[in-house]
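Each structure below is given as structure tokens.
You will see two complexes here that share chain A, one where it goes with chain B and one where it goes with chain C.
Let's turn to the complex of A and B:
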């Protein structure tokens, strides 16, 4: 069988990968990842194995009762059977969390910290702005561009009213 | 859930590959022809050579005599208040208005690009090649442009200034 083939591949010193032998294991080994596992996923609604593998005596009795007509099961027994099969209900597995608050808070904190770094840079690292940013220089520059009639059709000079000597309203 | 009705349709597949290819060729050939036809016939009054260097331009007016000069950006310390930083140059390209001009553009070392956006001009300066652009300016004034092909450390500091005089 496949199990024995896998067994010879894994090597005699490893724990056997045969499922019936593993039913008595309680410690998770690395070979577990090649076997069917239980998952709570809304896109995989029927997991390959049941949640509870080793039934207690009362659970075994309940499983026997399940073989009869289901209308004879009480609500609690039905819930107990569900919980044997599944770990979390859909409502439980899809529940939201408060993680978003941490994420948003963390992002805002780092943005604020970046702002502090930038303020420090402006004060201690950068040199002064070039002279051509001074108000008087910009005024002279703009006057020169208007005198030259730079871009008179849709650009700068088109926004200036040459008759009234002011910006167009 | 098998795809029995959406596979093995060789004839249809051939048609809808070949037919669009033919249609595209029928569009492309006249389009290219028109592209070259729209290259205007200008009959320029005169020709100026513009040679890009790292990091300045050389202009040659050789039609009527030999005027050759370099055009460097004005360093910030040399600017007068009201000058345009990074745009003004020491020697401008002076041209007459209403005259069709032919610019022959090339480069001495690396790629540059001779641009005057307000006149709709952009021509690459390629070493070993002469590119031509023609234009006719109708408005007098001063027109600025900047080198538009990365050419080294001072690529942002080799502007082009045209002075159109009526």
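Let's turn to the complex of A and C:
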């Protein structure tokens, strides 16, 4: 095809970006990162470039056949054309995974590791508990609070049965 | 139109190990925290309600 006939198609926007990219390579070599990339994304359903950049001989023949009537294409050929243009289908790109189990399991592992740190701290960092936490001290303290009727409406003393001398059930 | 299965996806790391990671992480975490909460002498200062038997405190 003459160059002029190619350029006459540009005004009609009849050439895909993939073709433009390939044609431009004869003028200047572009780095891959500066060109549009193919992506499988829900919000970018029609990427500028096709998935398969370099077609095999049979694929090139198929692209030629695509230019004729599509009713002459078999199902397998249509799927092959799809797979040339796209890497993953929407169903494939949207598939769920088991990654959440790895994430949650990993997080719980590190939470468990934190408990080991606290074990070490209890042994090597924390001081002794004050005597006011001894069992006997707490028992006496509790009776004194009940004798004082601490929080008698909804709090501690309200939970004690003063007639039966026991905690309310 | 019959839906065709494309090539079988090779299992990735998560398909292979995520169940084991989740189960072992949960077991380890629950076990070690239960131990820390109950066995090493941490004072939670829970309410004496229903738990502590009051004891006479006045000096005789």
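The rule is simple: the second predicted complex is superposed on the first by the 119 of 169 C-alpha atoms of A that agree within 3 Å, B and C clash if a C-alpha of one lies under 4 Å from a C-alpha of the other, contacts with A are read in each partner's own complex, and residues count from 1 in each chain.
Just so it is clear, a contact is a pair of C-beta atoms (placed from the backbone, for glycine too) under 8 Å apart; a residue touches a chain by one contact, two chains touch by 3 or more.
Note that this is a predicted model, so its numbers are computed, not measured.
A.B. asks: Name the contact category of A:112: first (chain B only), second (chain C only), both, or neither.
C.D. replies: second
A.B. asks: Quick one: classify A:167 as touching chain B (first), chain C (second), both or neither.
C.D. replies: Touch status of A:167: second partner only.
A.B. asks: Looking at the overlay, does A:122 come into contact with chain B only (first), chain C only (second), both, or neither?
C.D. replies: second
A.B. asks: For A:65, select first, second, both or neither according to whether it touches chain B, chain C, the two together, or no partner.
C.D. replies: After superposing on A, A:65 lies clear of both chain B and chain C.
A.B. asks: Once the shared chain is lined up, is A:143 touching chain B (first), chain C (second), both, or neither of them?
C.D. replies: both
A.B. asks: Which chain, chain B or chain C, ends up touching more residues of chain A in the combined arrangement?
C.D. replies: After superposition, C is the partner touching more of chain A.
A.B. asks: Of the two partner chains, chain B (first) and chain C (second), which one does A:87 touch, if any: first, second, both, or neither?
C.D. replies: Once the two structures are laid over each other on A, A:87 reaches no partner at all.
A.B. asks: Would you tell me the residues on chain A in contact with chain B in one complex that are also in contact with chain C in the other?
C.D. replies: 136, 140-141, 143-144
A.B. asks: So in the complex, the part of chain B that touches chain A is made up of which residues?
C.D. replies: 76, 79, 81-85, 118, 139, 141-142
A.B. asks: In the complex formed with chain B, which residues of chain A make contact?
C.D. replies: For this pair, the touching residues of chain A are 130-132, 136-137, 140-141, 143-144, 148-152.
A.B. asks: Which positions of chain C touch chain A when the two form their complex?
C.D. replies: Within the complex, chain C contacts chain A at residues 4, 6, 12-15, 17-26, 28-33, 35-36, 40-43, 45, 47-50, 52-57.
A.B. asks: For chain A, which residues are in contact with chain C within the complex?
C.D. replies: 79, 89, 92, 97-102, 104-109, 111-112, 115-116, 118-119, 122-123, 129, 133, 136, 138-144, 146, 156, 159, 167
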